[in-house]
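As structure tokens, here come the structures.
Shared between the two complexes below is chain A, which pairs with chain B and chain C, respectively.
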Partner chain A sequence: MGCGMGKSSLQEKKCTRVSIYSVPAIRAALLIQRWYRQYVARLEMRRRCTWNIFQSIEYAGEQDQIKLYSFFGFLMDHFTPASSERNLISHIFRENEICRDTEWERYFCYKDIEVPDSYTGPHLTFPMTFCGVSKLVEAFKQKQQLHARYVLQILGETWRLLRILPNINHVSVCQTKEITICGDLHGQLEDLLLIFYKNGLPSSEKPYIFNGDFVDRGKSSLEILLILFGFLLVYPNDLHLNRGNHEDHIVNLRYGFTKEILGKYRVHGKKILKLLQKIFSWLPLATVINDKVLVVHGGISNSTDLNVVSRVDRHRYVSVLRPPKVVHQTLNGNRNEGDNGPAEGRRRVRSLTNHSSALPQRNSLPRRSLQNSSISHQLSSSVEDELKRRRRLAGFDQTYKNANGSDSDSDPDFAEAPEANGHDWKQIVNLLWSDPMPQNGCISNEVRGGGCYWGPDVTEEVLGRHNLQLLIRSHECKQDGYEFCHNRRVLTIFSASNYYEVGSNRGAYIRMGADLVPHFIQYQASRTCRDLTLRQSVGWTERSALRALREQLFVHKSDLIRAYREFDPHHTGKISMRHWASATETVLKLGLPWRVLRSQLVSRTHYGMVDYQQWIKELSITEPKLEVSDTSILETMYKNHSNLETIFRIIDTDHSGLISLEEFRQTWKLLSSHLKMEISDKAITDLAHSIDFNKDGSIDINEFMEAFRLVDLSAHG
Partner chain B sequence: MAPKKVEPKKTEVKKVEAKKEEPPPPPKPAEPEPKPPEVDLKSIVVEFTPDQVEEFKDAFSLFDQTPTGEMKITYAQCGDVMRALGHNPTNNEVLKLLGRPKAEELNIKLLDFDNFLPMLQHVARSKEQGNFEDFVEGLRVFDKEGNGTVMGAELRHVLATLGEKMTEDEVDRLMAGQEDANGHINYTDALRHSRGGV
Partner chain C sequence: TEEENTGARKIRAAFHVFDHKADNTVDVREVSTIIYSLGCFPTKADIHRFVDEVEEDNMGYVHLDKFLPVMTKVLLENKFPPIPEENLLQAFEVLDKERRGYMEPQELAKYMKSEGETFSQEEMNEMLTALVDEKKNLICYKELISQLTLDLDT
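Entry: the complex of A and B
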């Protein structure tokens, strides 16, 4: 065969091909391969770093929110009904206002709302038809806005339909009818449109399951809801919606949906929000396909029992964040080994756990629920003292009840939360907030602050107990839009592409037929990013992540300097890289690989030392648009931007976007109590006065928040 | 058995993929290990500074997918982590350091940081790192007309069949967006953008 290299026939076939290429060619191939593999590995490291930055900041935000809400819960449980400050927030706990359905129908009536001739958006007729919904989809594609009258109409119809649906939908697929399953959309209409384009619109031949988190973060949450509800009304047996953790008005306060509605519907926004609140509580909790595949937004826990879930009164849980009222003497001393309280940091996102001392004890952690969370270990220490201190900080009046005898203390409106709901509530929280973990066991999810982490053994047990073969869930962003774990028994599906940044990840959806084998279709919404090279997409996402990280560093300036100074007793202004990394982690608690990031955050080092004074100065992120004398308040402001906004929006009960000076002051008091820090009255008054009051002494929340939004001045694209 | 040409400069290059196990490799001038068949990890003195080691730990933890940050990676990841840290071992070198594990073991067996470090040190000492210029030289071999372009199809074929073969996926990623309408890749242009790589 003319093979110069080998004589045996075994080698012949290979040699024939190989002999076409000389040794230099082989050498060249090896060089290229070797270099390329290194290139890819280095990119991969950057990508992982970037991913972790985004996830840490995202989950830290969720945890913050839950802590804030737990704090409110604490206030609600421990102060007299008389206190006016309590009234500021009590309405958010009035979850099940006793109101008959007819009253609601009257309240949400759209009939008096006129659609003016000048309206150029789509007109809807009811009952909803396929044509009607397609028209709606087209209109949203053209970026039109649906009139409030029609919005209320669709929502009203949806509410009526959802009320008769069970907690768990049972669907079947057969030879001729495959089902499509989509994960989180988070207000990204482009992705939904892309899915419809690739896969077709929902119909009785084309059933869909949407697995929660339709809203928040993206700009078109309402449009997505209206489209999904529209199809639900037309094909109630073929369009299935599962509730996600973001289908929750408290979460919406922080993550943008509330703001979106109020911005788009200035007159009727409040009503729309109220109606959505009820609708969210009526969304089904899970879907089961062919009695074999469970589809739920978050996941499961070792106590998940679908029989219990199918019997709960799901609509009682308007916000899944709020546990039902519980008599506190049951709080056992289940204190954590100091590894999770509000003062304690966040744990690193699971897959990159911290090699610190807290972790080896993980297996011995008792199972905890949101109820026994951060509040508990404060209470089990000197309760009286703690209460006194908090009340003083919050400016509440001095009489209070004993923590243990809380029943008569309650707001009359939520006396009806029965004890039994404790268990039901846990079932629901776990379904909506949990995440899988690689190790066996089931522990509470400290990173998010709600639900649990469950392991492969729990998957086997729960699936086995229910005679199921696969769990499909969403809730976590995945690079490729989907990911298996737990021996391919758990499948995560995520449908919001470019979630963190352009090019950060693909979205995906599942097609499943009678064989119950999932097939994946992946996509990325923006046309530009499909053609990005690996390097470009990593680069964009990375730049964005670093910007977000620099913001975090900026808002913690003072704490960082203080921490650095501890390593710099002689005030040289310089510390070693090792100390820099350690101090930064202590302050930010994001669990990030600081040494790896250092080269991208700190431009210059001198002989391995970081000039921290200079570096902090260079982190110029923003100039405040308002003159504020007290810079510490400014920092608190930046650090607690989201918390502050959440509190504002809660206080703004009529959703007018305005709060009074007095309410403004109360907001700060609440915040300072939550953060356990003192903010002087004078400082608050000064702050208030520095704002331009133009409306009878009320403050426009949006304007105020805008003034303090962080803008990266140092960024150059 | 194909006779192996030992190139004095590039020691690993001559390995044509063969079904049989490698015979003990001939002595390599660049590598200081005492025993030819296996690398004696215990005899390697780690010379990295403590700061460097800390940085490696951070990078190592990025690839750690064990439940509670046991600071372990799979054997399959070992080469990538070394590359991520700026070194450039061939797959074969990595397998040797790992003790020639079986294919099924690669994704199962775990390596902790303390055992990884001497391997990294060994690789760091290797003079045959393979740099950017080598890569360009490599491409030039396939530039038949000497005009700064290579045929995309040929490159694909070569990378997937020769040397330490790349998978289809890897080749696709490498080529993404590089080929023009005629299937040519102007590599000088492409390289200008990624000079020095990452």
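Entry: the complex of A and C
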């Protein structure tokens, strides 16, 4: 046949056995198999590279978020109470309005909200019944929207129920009762409906655990919450919810949930958001099955202690990103001027966990954000914290506001209740934000900016210490919907299919019986992608990833050119591929293999050199609809798109979705301090005026951000 | 030499895609994907031999220090050369005895799953999704061969 293939001993064996096929047929089969396997492997390589792109961009975004939040913490510490910047953002650190449960109940009361006759959505009656929830599911399937009155009613009931639940749910499975465990859903209602379709609705015979991240990114976060809460109200012993890192109002500002609520409920959105803040803080932190399987959203750290976790006042951590309210003093009594604010660069973001605050004090010394303390403070603070806790429990601590009612929901005031425990907080952050890593050890999670990376040795130690046999967690997207690691002692389950892009991944859920052996059911929500071949879905996802990457390159144009020029001292306009890769990584900090990606991003090279000027020009992405004379401000806007929106939404305290000229200016001032940039007042005013401030001199946040959505007009792939 | 440098760079780049810990090791199960992605066409037996040479004492992973020289040799000596299109065509024609220019899915599946380095059911299902023309429910191998080669290059 002339295929040039040598005969190995393996093939000889096959040839000598009796076969119904002739030797040429066997050889032909071998050749075709070899060819096809190579084809699949090449696609797999591409798919893996694409995946790395999406993941890097996603985690860089999370890191960005945390940097921004830490920056606010920094502002809170370093600006005087009178400063306007502090006032703009202080409300996200402090509740200064209503403090008692009864007052909150009044605020959230739905009773005065009329449901008009024109309303065509579902009507709910309470107490909630299985029929009621099923009706709700049906209605959402029909894309109806629940009236604000009923939303507040369900949320109110949920809030009341959650307050009596413990931090850690203990459930048992037996021969006749298997349990279903689902991972991240991220607002993707189609996936939840698919799970219910395949697996059945929750009931006493069909218990479920939902492992966090119900909201953000997808368009139906609220619908998912309402369905889950509905079932929780009907089957409180059989529907279990764990808090995820996205059940956090600060994270929601950036990742779309806040926007979704305000868009769907213009009048009552603010109230709904406020109530959701409380609900999120009251969500349990973990679930344990048969005392043997731990289910938690993120993971663990080497200091994870479930006994401590079960005793924390979980509702005090409204945003898990919020540093604990411990005041302290540095060793020499001065503030550390050196390391202020967020660290630069991907690998230097300090974790919010492994550098806890220093010695807590009881009065109003300046508070400081978390990252800047040294290790010695960390050690003494945990002893100090423990002493404080014991004193408080013994009734000695006078400043502890609600020594009696730890289940009441008075808001922790930033200035007044310094008892909040750095150690407790660390436990919670680690449970919600950590990721496993293959090597031994436990290090801060610098990619995300929160929680830690933990290794197989930590898994063994923590599971052993608690007499557990398996850790089930979510938090990371997996191509097949699930993945084992750490010698099958850690299992990641992810239930949002097509998370990065249509066809990017399957979702999965777990069925587990008394033998505690997980069984997996996988699915993919979109009809279109089910029919795609591997090649097509790889191609589709790849194009999407490259588009996202080109966007990143485009918004960092100026910095890139500057970096390339450093390798081009003679201004030839060209640099080697190696330098191109190195400079690109220095600017973008995504940790991607630029050399490998080069061929897909740079179409033409000349003798191994990249003509960077030309190439940057060709990253043809359309300009926004706004006419802005100052291109550097424009670029800043692009680059900090998400941060800009987050700041807008924070400043928009009444959640109207509108900002005034003055608020716009203040946003820019905040952003430019965060970026350590100079932006003149004149430049900001000019910018503000060039935007069409219609009617009452305010602009719609959504419209404004829409104007900056990048649309890729390039003809590439 | 320049060629060697380019080769070494390519090998490292492919290796690092799977080097999740960033410690120059990859899971042994990913080795075949890496070799294939570098343009080689080994048989499964070839891969087994390769892995035996580079795996770290049955630990389940491979270190770049061992992988690089062996892979470099493979590339320089062109040990697992690509399959020329005509050979591939002839292979299909051996199985398609009447030389119709196409095969039925079950026919091909029969061979793939029972002869040579057999396919698992999952591999077979994947192959059928990729190769079968939906309308005709046939595998028109002539067009496929060039199309699939093109796919990888774009």
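The definition used in the following text is that the second predicted complex is superposed on the first by the 601 of 717 C-alpha atoms of A that agree within 3 Å, B and C clash if a C-alpha of one lies under 4 Å from a C-alpha of the other, contacts with A are read in each partner's own complex, and residues count from 1 in each chain.
In the analysis below, a residue touches a chain if its C-beta (ideal position, glycine included) is under 8 Å from a C-beta of that chain, and two chains touch if they have at least 3 such contacts.
Every value quoted in this text rests on a predicted model; they were computed, and no experiment measured them.
K.L.:
Identify the partner contact of A:Met677: answer first if only chain B is touched, second if only chain C is, both if each is, neither if none is.
P.N.:
After superposition on chain A, A:Met677 lies in contact with neither partner.
K.L.:
After lining up the shared chain so the two structures overlap, which partner does A:Cys174 touch, if you call chain B first and chain C second: first, second, both or neither?
P.N.:
Touch partners of A:Cys174: none, neither chain B nor chain C.
K.L.:
Of chain B and chain C, which one touches more of chain A's residues?
P.N.:
Looking at chain A, the partner in contact with more of its residues is B.
K.L.:
What is the contact status of A:Cys131 with respect to chain B (first) and chain C (second): first, second, both, or neither?
P.N.:
Neither: A:Cys131 stays clear of chain B and chain C.
K.L.:
Which holds for A:Val23: it touches chain B only (first), chain C only (second), both, or neither?
P.N.:
First partner only.
K.L.:
Now for A:Val596: first (chain B), second (chain C), both, or neither, which partner does it touch?
P.N.:
After superposition on chain A, A:Val596 lies in contact with both partners, chain B and chain C.
K.L.:
Under the contact rule defined above, give the chain A residues that sit at the interface with chain B and also at the interface with chain C.
P.N.:
On chain A, the residues that contact chain B in one structure and chain C in the other are 5, 8, 10-11, 14, 21, 24-45, 48-49, 52, 437-439, 533-535, 593, 595-596.
K.L.:
Sort out for me which residues of chain A touch chain B in the complex.
P.N.:
Answer in residue numbers: 5-6, 8, 10-11, 14-15, 17-18, 21, 23-46, 48-49, 52, 348, 351-355, 359-360, 362, 437-439, 455, 531-535, 576-578, 581, 593-596, 608.
K.L.:
Which stretch or stretches of chain B touch chain A in the complex?
P.N.:
Answer in residue numbers: 1-3, 5, 7, 10, 12-14, 16-19, 50-51, 54-55, 57-59, 61-69, 71, 79-84, 86-88, 90-91, 130-132, 134-135, 137-142, 155, 158-159, 161-166, 170, 173-174, 176-177, 194, 197-198.
K.L.:
Quick check: in the complex, which residue numbers of chain A touch chain C?
P.N.:
1-5, 8, 10-11, 14, 19, 21, 24-45, 48-49, 52, 437-439, 533-535, 539, 593, 595-596
K.L.:
Show which residues of chain C lie in contact with chain A when the two form their complex.
P.N.:
9, 13-14, 16-18, 20-21, 23, 32-37, 40-46, 81, 83, 87-88, 90-92, 94-95, 108, 111-112, 115-119, 123, 126-127, 129-130, 148, 151-152
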